[in-house]
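Each structure below appears as structure tokens.
What follows is subunit A paired twice: with subunit B in the first complex and subunit C in the second.
What follows is the complex of A and B.
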């Protein structure tokens, strides 16, 4: 399909790009600094028929539209699950800890009556034009967003109404022009689920679970896409940069409010927590130019990931270095780092 | 439901307060997506559709060979591939449509054939124009909104067309109680129905080509209606199409004026 474009760069162009990105300081094709994001347009609350909606557009035309709908659903009680067709032990969606603690051993229905949440109360689906619903990219991306949302365990908790009923949150992402790289950034608009659900929930849910959710409440997770070339680290890489990246990482972060003792919440540093990390196969390994550079053989060549003097680029093989990984994560979480900056930027929205 | 179309014969006002020949608010934009060849965003009331066009591009896959055979040795006209993507959150209830939904497939074919009559396809032999429509919000007149959005995006993409394909729906108001007593016929045609009206009333979707509205390119109706009513419904529908065309034209002209004011180059 027309939307699924591969970068059409020759091995020589890739080598040039790779070497300019490996410089110290690195030189990005669009002259951004390593931590600068591309300009983007984001808006929320644009669809009246949803509980929450958002749209994010990048300058290159990638666009993601998200609608969140909440629906009341009957809770399948753990006891019914045990007696019924499927067993609770088989799913890994054990009731969230932190409220009642581990509950897998409990026998009495009354014991699980306290507020709890399950991962499958949040449902993420992604629609990409020209892609099958079970396409691996679509499935992995949906899984990744889901993972980031439920990782800290507070979201499903907010969906609890009472023992028998809960909110089911449907998050539908519809992607425009899904260039491979930016799909990951489509996770960005997913922060509105929080205001949307808390609005819906607080109206009707019993007051019992509000203190808990606000105590444990963290900001909506954000997924950052980070690429590395050599020792250099780039945030929000463009398509061309991804084509020569050695390693690509999608890091989902969130910020937790500072402990109340630390004074005025606005000035106290927020702690940034990493919820999920995924490595993404850099397109370099998949692109036609890389296979051409490798001569079509998977195990070919000793010099890799470097431009071999003659301006001929070979994609790197093997994993990423621990040092680089550590540096990436540090840049995400340290106070005043990129993660901090992004989350602060989003505060203007909520 | 407090508002009901059965009140229409009494007040001559529809559930949302419109009269019989009033369109809903039509708001449209073009060039919404900078990277696409052509794009548009169209709202007809609460029906919101986003259209992305890429192309005309050379048909891909297989480097000729098999595809050429399948499509015939000389394909003189550009193929138009339409994909309608209905977001799960579009309706009131969250409903996910599978990729192979038959209603959607039928709409895709309707849009493709309507555009096919308007586009000078012979200028792009052996090529494909891919039209992707995203339905973001659904409140009646989906096919009409898709056709209008696709027309705007086609113009934005710079594909030569004979004229605007403009579409709207037209329904028939319920029978007044007086009519049942033989006191005359009071069924009015109603222009541009919303979901609530669409569910209760028979309606047709009509699309015309050209300012005169004399060429009907799409006429689709899925309900029963007496044949005498058909003429007034069609006439009202075509009249609505004319007004939609003026509105679309206005959008294009405003955009054009802005581009010129900015010194050319969209």
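What follows is the complex of A and C.
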């Protein structure tokens, strides 16, 4: 049975939140504008025994610590996997991490020309206190981070050493609060700033044998959490806002460098690319206090997603409209939009 | 399209309160080249069992509504890569996506203090083309869309009230033979060497809403014609069209199963 999410808000509080968020212009509980992010504290390089580490702290006590370690590992050739002589002792991480697992093909080892990368060379583990490690939140978060990291195909390429050996990258996230934690710190050291100078803190040895072209291809991916209430869209929703959200979406974006013809790199607009999208189950559906107390036949009460008066509110059923989805994506990727702003903000960080 | 009409049947698992079976056959004209002792799976075979609504265990805390739990399990012989007994991260991820897709459709407050289990067993799964180096993101997307459709059929067979049946659809941008990227609906993972971008949706046609969107990218982004978000939206629209086509099959099946039930009574 799934664990039940309990919101500590009364039905009246939920109704109040929902109605203030559906106003035009919306009023968020902490008076932010829809695209403002919560202030956060971030620091890097704090765990001595890792190759790279970071810590992110929000004012409400949400805290995440990320450690990245690289390890040399023997490459299991695709041909041996296919023939079923796969030895667990030789490479026992393959079965645990990564999307898809080893299934990549029939090629003989001679056929694999030059550097290549496999998704399971990046291993993301998330640990949340009080959550089992097979809880769906943990699984979704880990897969989402992994998906974003491998999406443009350049990160696994950077882990290639030679035909028989590769770097295995372990990313361990420890969340102090089961809320959202963006994964940008985890990825930064491997991604040099894109005027590709030696200024970038390449803590990882693999960065040295990357062809310059692939190293400069894109920035580290960022996952943005977006919620919608009615027609209104909110970035970086707080826990209270998530409790009444109609739909929640996690969008992983990255920026590609401006074309070299466009003059000074700092002034040229970067292009934001969407790497992955996934819907997150809105917690409103499970809130205990929202639906039960409505009078009359359950399910035939008031129109869902609306405030029904008398301080009651009923969570929305069904899904999200495509129009809302389009608006969310547009706000992420448009020039000068939220994605642009966040990525520029991160540039000053490194 | 290379896809033949999928076979969807309900009520094949007698012990479950609702069940469905989905089979999609794929033609592989180039299959002789692969060789080896184990031939590649010829398509997709899924079975779904719905247990419930049934009372929550006594130890569970009070719930005013129906609690949904989903499980996706590959059989050991489902595809070339053998999986263990414990669900691995792929299976759990698929289950989490399926849960998101279905939860929005249920009228959950009609069953307080109860739970429903949706269990999908993948009898035969599809694999991406063996020559592609990627670990087959497209496989999971097509699999999820079939999972959504088969689970909706089983939930309807179990008689659980829903706002609408959700159906799954996939669209992908692949590199065509001419070197141009093109949008295709219901891609077959083994047919395409490189899938640039793919998206699966769970679509409720009666409400024109999506309960689940999962988009992924593989490798370098394909050359974009328009702006980034309109590209993605056309991908979503394509997936919705595929889901509408799946709905026709689902509706036929549900009509058949209702008629069979009426005849039996």
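The rule is short, and it goes like this: the second predicted complex is superposed on the first by the 272 of 350 C-alpha atoms of A that agree within 3 Å, B and C clash if a C-alpha of one lies under 4 Å from a C-alpha of the other, contacts with A are read in each partner's own complex, and residues count from 1 in each chain.
As a working rule, contacts are C-beta pairs under 8 Å (C-beta built on N, C-alpha and C of every residue); 3 or more make two chains touch, one makes a residue touch a chain.
Bear in mind that the values here come from a model prediction, so they are computed numbers and not experimental data.
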First (subunit B), second (subunit C), both or neither touched by A:276: second
Partner chain in contact with A:69 - subunit B first, subunit C second, else both or neither: first
First, second, both or neither for A:47, with subunit B first and subunit C second: first
Touched subunit A residues, subunit B compared with subunit C: C
A:170 touches, of subunit B and subunit C: first, second, both or neither? first
Contacts of A:127 with subunit B and subunit C, given as first, second, both or neither: first
Touched partner set for A:230, first subunit B, second subunit C, both or neither: neither
First, second, both or neither for A:34, with subunit B first and subunit C second: neither
Contacts of A:57 with subunit B and subunit C, given as first, second, both or neither: first
Residues of subunit A that lie at the interface with subunit B and also at the interface with subunit C: 1-2
Contact footprint of subunit C on subunit A as seen in their complex: 1-2, 4, 81-82, 95-107, 116-120, 134, 136, 139-140, 142-143, 147, 151-153, 249, 256, 271-281, 285-286, 288, 291-292, 298-299, 317-322, 325-326, 329-330, 332-334
Residue numbers on subunit A that touch subunit B, as the complex places them: 1-3, 47-50, 53, 57, 59-63, 65, 67-69, 71, 125, 127, 129-130, 132-133, 170, 172, 174, 176-177
Residue ranges of subunit C in contact with subunit A within the complex: 34, 36, 56-57, 60-61, 63-65, 67-69, 79-81, 83-84, 87-90, 92-93, 95-97, 99-100, 103-105, 107-110, 112, 115, 127-128, 130-137, 139-140, 161, 163-164, 199, 202-204, 207-221, 227-229, 232-233, 236-237, 240
Parts of subunit B lying in touch with subunit A, wherever the complex brings them together: 33-36, 46, 48, 50, 52, 54-55, 57, 83, 85, 87-94, 96, 98-99, 130, 132, 134, 136-139
